[in-house]
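My questions will all concern the structure given below.
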């Protein structure tokens, strides 16, 4: 299998998951002061925006990660399905976070679940890159798989960062939400700066 | 990155967002006179039709805008994600507009939100075209980027028109809705007339 | 514009609309005798099946219709968007039909709306084929556009058949539903028999 | 028709169906102890996971099955639509299973419906492979259709296995659910072991 059908299917899943996020922003039912009711929904907009950025960055990284790949084997296929499972799940913790971020004790649970899903995505990204860069089997001839493997260390930072958001979640859910926003912005800026298409700068 | 995977992902998002619009047209629950109940839902049909036309025109323009593009860099990638964010959002203000267009004071808020989303889309279209046409870096060799840049002025009219719909929204929501319909029809006719594939006639 | 991006976008819309049909089949809420509750939902299964067949056949025909096309102009682009509008709408009358087919007087309205949407699709298919076959502008050099145009007559039968289902709707909604099923089966069998990829046998 | 547009449309349907599965995982409405409420939803997570794996494996197999195919005829087109019908349906029995797996007598009905949908998918996979391998008409010149046909026997095991899950469903729904999980894991491991792209190892 070449990467083209893998990319087409993955693009479809990314595109649908990112679009389904909007289904969680509901039209409020009020009889007066719609503006206030809309404002009151700010956690939904915040969660929507962050998850949109996260899936968007994942899509950009997913593409970058497949650039050096010449051949797709079965383990890569199923690792990719594992990553897509996490992507498909994202609308659920997004909705959960938006609903419970102002809910006292339950806010910690919601924020931790959100962080756990992001952590899972980061682990899958690392595992996929580890599998791709393990030797010359899957990559194009001109790709230096030793150099690619060396990127794993920088790559794995995402795992620690997302693990940290789970800890933060038990201190303050809004702070964890803000942290996810900062991480997403960091990845966008980082990607704009490096502009290297050969490998993902970091996960996700 | 070439334009092909960017287009594939964007097409997916456009196709899903345009199809999700139908989810806002609900089957009415009545015990007699279904015809009247269906008729009573006219704002939903109107909002669906206008948003369908808007997303459809955006898709046509998006394609036209990428025709001269030979290379995709990171800023273009993220500007495009910003535009897709607006496209994904559209089902929400559509639903909001349909629900509140007959709701007195709240109708103004709903209409203004709808206009604001369209304005955001127009701004993203302008920014993307400004980025593409800023020099010879991204376009094919045969493309005259100075001429392309000159189109920005005509292009930017959309920004003023959509800004105007926000002002109109505070006078009359149904008039703003009609205005969005007229703008959409104008763009369809304009595109049919020029039939130039080299650059979008106007945004969105 | 070549047909490839038009096809990709259309395929996306067809795929999403056909998949969204399942959202109308709800899990019944009962405390005993689930089997009976599931059986009681037969109109939903019937409407789902018929609409799935209709969209499936439309997708097959849409492909066949674009085989002779070499160039896509703006009118074709917007006619195609009109057809996609009808495709996107289909889940709504499907749901309406399923909900009201057993509802006495209202069943006629629901059946007529379903037939009207199918009639609209047939009209768009005819108009698109009329536009494609109007001369040598859009078709490949080896295509005989006069012969293609001659197929319009056979092609237009769909318009009369679907108009008839609207009349039948006012006599008996279940009969109209059965008629839509028979038409769909006819088109599948007809397509299997001719197996001609050069042009759609009939619309839709 | 070549396989490319068939694959594109099928990929779209697979991608959407697999993503829609998440819509059945709802945010619980509680005032305290969110963690417990989330835990209480385990049948939804289990059903989601199993159906995700099933659709994922079907997608991998669907690709493998089309590798030897050079030409698509109408019967293959409609057999494929029949398979896609089953794929589109999957979110419904998934939701049904999750809702009723703890519901006493009704759990048997829900589990049997789930098994029946999987059985239907297996039958379509077998029929499609039987049609592809019936002679040299559809396959590439270098493909040995006699050898391909010989794989049908191994291929058909899936039919018996899924038929067995329906019988098990009437003894214990949780056991049937576990059995579906084991089957999915078996197929993943089996695929990883053989890594043969020429033909699907088994259905689905």
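First chain written, first letter: the chains are A, B, C and D, and each begins at residue 1.
Note that in this section contacts are C-beta pairs under 8 Å (C-beta built on N, C-alpha and C of every residue); 3 or more make two chains touch, one makes a residue touch a chain.
Bear in mind the structure is a predicted one, so any value in this text is a computation, not a measurement.
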Chains touching both chain A and chain C, listed by label: B, D
Rotation angle superposing chain A onto its copy chain D by C-alpha atoms, nearest 5 degrees: 90
Interface residue overlap between copies chain B and chain C, same or different (over half shared): different
Remotest chain, chain C as reference, centres from CA atoms: A
Interchain centroid distance [CA atoms averaged], chain C/chain D, Å: 27
Separation of chain B from chain D, taking each centre as the mean of its C-alpha atoms, in whole Å: 38
Set of chain B residues in contact with two or more other chains: 8, 12, 16, 23
In the complex, chain C residues that touch chain B: 1, 5, 8-9, 12-13, 16-17, 20, 23, 73-75, 77-78, 81, 84-85, 88-89, 91-92, 95-96, 99-100, 103, 105-106, 109-110, 113
Residues of chain A touching chain B in the complex: 7-8, 11-12, 14-16, 18-19, 21-23, 25, 27, 30, 32-35, 38, 49, 52, 56, 59-60, 63, 188, 191-192, 195, 197
